[in-house]
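Following are the structures in question.
Consider the two complexes below, in which chain A is the common component and chain B and chain C are the respective partners.
So, the complex of A and B:
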């Protein structure tokens, strides 16, 4: 069952990822990205990261992607136009990408020959309780710095989106 | 069909998604699609973090992944504001038409 779920959702993630790169209209790419994020949330659950799976769905697939879709709608973005350069890039880039990925896969398999099999339920340390405890004791300073970062991001977004610039 | 898959296959899936993100970043011309490719790369790295966290039986990888998520949210807010400003000034979303530095 573990292997079946992995293959199913890995296939969904890769198919949606390819669709993201291939589609010319940005809204199709955005929907594909939501598919990738949903599939990855299931894989996080398989790896015992239940809090991260929930956060992935709420923060990424919910908040960030709504922002993207909102901007696409606001700017009325259409499909991109093709250029003559694009076919050359495809001829050179797709084989290069496939070769690169095969090399990386071979290296991962060769350098990590005996990784353990993933079994659902073997690691249950990813609960909200465990993460909260770590976050407010060991990682308290990065957590506080993150709040400052978000405040600066809000200010930056407001300043950039003003009328005068 | 095997009952379980080794952990390294999760890492290979992460590498494939990262490669697709790089391809989208290089090949696409629409600035919003380029931005979404960056988000795809961040997601691929998050999968790596969580896979290694499973291997080491430690929750620290989840924390790192959580911080990556927070930074991605901040980055999306600022980046989309920049895209709005570029569109307001140039009336285009194609990245190779935004080339003031070249001239």
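So, the complex of A and C:
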């Protein structure tokens, strides 16, 4: 059952990812990205990272993608027109892509150390409590540095949005 | 197998009750609004307009569903589906009452016992923006687009104070499961003040409750924050181009969302299904309430001066129904009855208190609609970013400090 769900949602994630690139309209692409994120959230849930799954939905699929969709709607961006491609790309595009992916997967298989296969349900450190403890003890410095980084980004956005300096 | 059958029965029951409630909420809303404005409200269909929701439903379903020619068809049809599906998903993690044991099966009165229940509701409500935004965009109509844009801006903005407000009861409860939160709030201070989080002795959550309710009004697009469907500026906002069943889907989604968010507020601040009064009195309250309602209905039905002719027949019928409900709630005192009946009688009391609190919040929604005018859009944004958000942060910090000192 776990393996079936994994393959189902992995397939959905990949299909949405391909759809994201293939679609011409920005809204369709944005919604495909939401599909990718939702499928990833289910994969997190299968691995036992329940808090990560919920955060993925709330922050990425909810807040960030709503802003994407909002901006696309606000600018009223239309579908992009596709130029006719070069004969080189038409003939060699798909074979070259398949070759590239095969090389990448071979390199990952060859270079990364062999680890134990993932067992569904084996990981239990995904609760909100466990993540909070880790975040405020072991990973306190990266956490605080990230928050400072976000603060700088907010200040930058405020400066850019001001009418006159 | 047993689990699947029980879950299916519960799902069917919840869906039926919820959709009926959503339909009758419209009737209640129209009646209450009418009485606030010194009118009578729906009166023609059935006694006191009680069959109005049914006739509305038949009308909406049998009307021709027009799909305008210039719309983006796929997203135009996806939007109402998303809206109603997400609204129904989020109710599935809300518990309605304590554990019940029936015919040897122990089961909880909820669809899914999820230990991150609140996060699930937040995730689903974050997704429900897309229903409105997509509907507005796909309609290819400037008013719809403006409605959709307003709605997404408003829902992102008000999600922040709402999340901050619901974090502070979580700090006290130290869990994300709605069931455990509700169970934690049982008992009384000094014998009569309920231990709800709104009255919590260490850190009373009154401010958090008020902030949560204000944000909840905005999240469900209700007056005074119903800018996305402001009829005098945007015709009907995001659902201008929708008709027939698609319109009904948006309509249902709005009312189901209201019910869900009221249930969430009940669990977080008002003690879930825990009674408002200490035990010997608490069990008598529903019996007295329904018996009193039955007597009142019989009294008015028997009066020969009844100006509404049908009341002579309909009032006693509803009186009998009310007496029947009073009888159901007194089942747990009749110890000679078989065990399943006693179990049902006992399990209905928590459900009564839960329903009463949710009903009170829903009534507040309607009351506010009859009282307050609509905000302007810039006022709406300024209110949340410059007032509600800072206040929510301050109250969260205060609660966190108190909880940290208390440990």
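Note that in this section the second predicted complex is superposed on the first by the 135 of 165 C-alpha atoms of A that agree within 3 Å, B and C clash if a C-alpha of one lies under 4 Å from a C-alpha of the other, contacts with A are read in each partner's own complex, and residues count from 1 in each chain.
Note that in this section a contact is a pair of C-beta atoms (placed from the backbone, for glycine too) under 8 Å apart; a residue touches a chain by one contact, two chains touch by 3 or more.
All of these numbers come straight from a predicted model, not from anything done at the bench.
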Partner chain in contact with A:34 - chain B first, chain C second, else both or neither: second
Which superposed partner A:160 touches (first chain B, second chain C, both, neither): first
Chain B versus chain C as contact partner of A:136, first or second or both or neither: neither
Which of chain B and chain C A:57 touches, first, second, both or neither: second
Residue contacts with chain A in the superposition, chain B compared against chain C: B
Which of chain B and chain C A:128 touches, first, second, both or neither: second
Partner chain in contact with A:88 - chain B first, chain C second, else both or neither: neither
First, second, both or neither for A:67, with chain B first and chain C second: both
Doubly contacted residues of chain A, that is, touched by chain B and again by chain C: 51, 55, 63, 67, 74
Complex interface listing, chain A residues touching chain C: 27, 31, 34, 41, 50-51, 54-55, 57-58, 61-63, 66-67, 69-70, 73-74, 76, 127-128
Contacting residues of chain C [partner chain A, same complex]: 75, 115-116, 119-120, 122-124, 126-127, 129-130, 133-134, 136-137, 145, 148-149, 152-153, 155-156, 159, 176
Residues of chain A defined as touching chain B within the complex: 1-4, 6-7, 10, 13-14, 17-18, 20-21, 26, 29-30, 33, 36-37, 40, 43-44, 47-49, 51-52, 55-56, 59-60, 63-64, 67-68, 71-72, 74-75, 77, 80-81, 83, 86, 89-90, 93, 97, 100-101, 104-105, 108-109, 112, 115-119, 122-123, 125-126, 130-131, 134-135, 139, 142, 146, 149-150, 152-154, 156-158, 160-161, 165
Contact footprint of chain A on chain B as seen in their complex: 1-13, 15-17, 19-24, 26-30, 32-33, 35-37, 39-40, 43, 46-47, 50-51, 53-55, 57-60, 62-63, 65-67, 69-78, 80-85, 87-89, 93-94
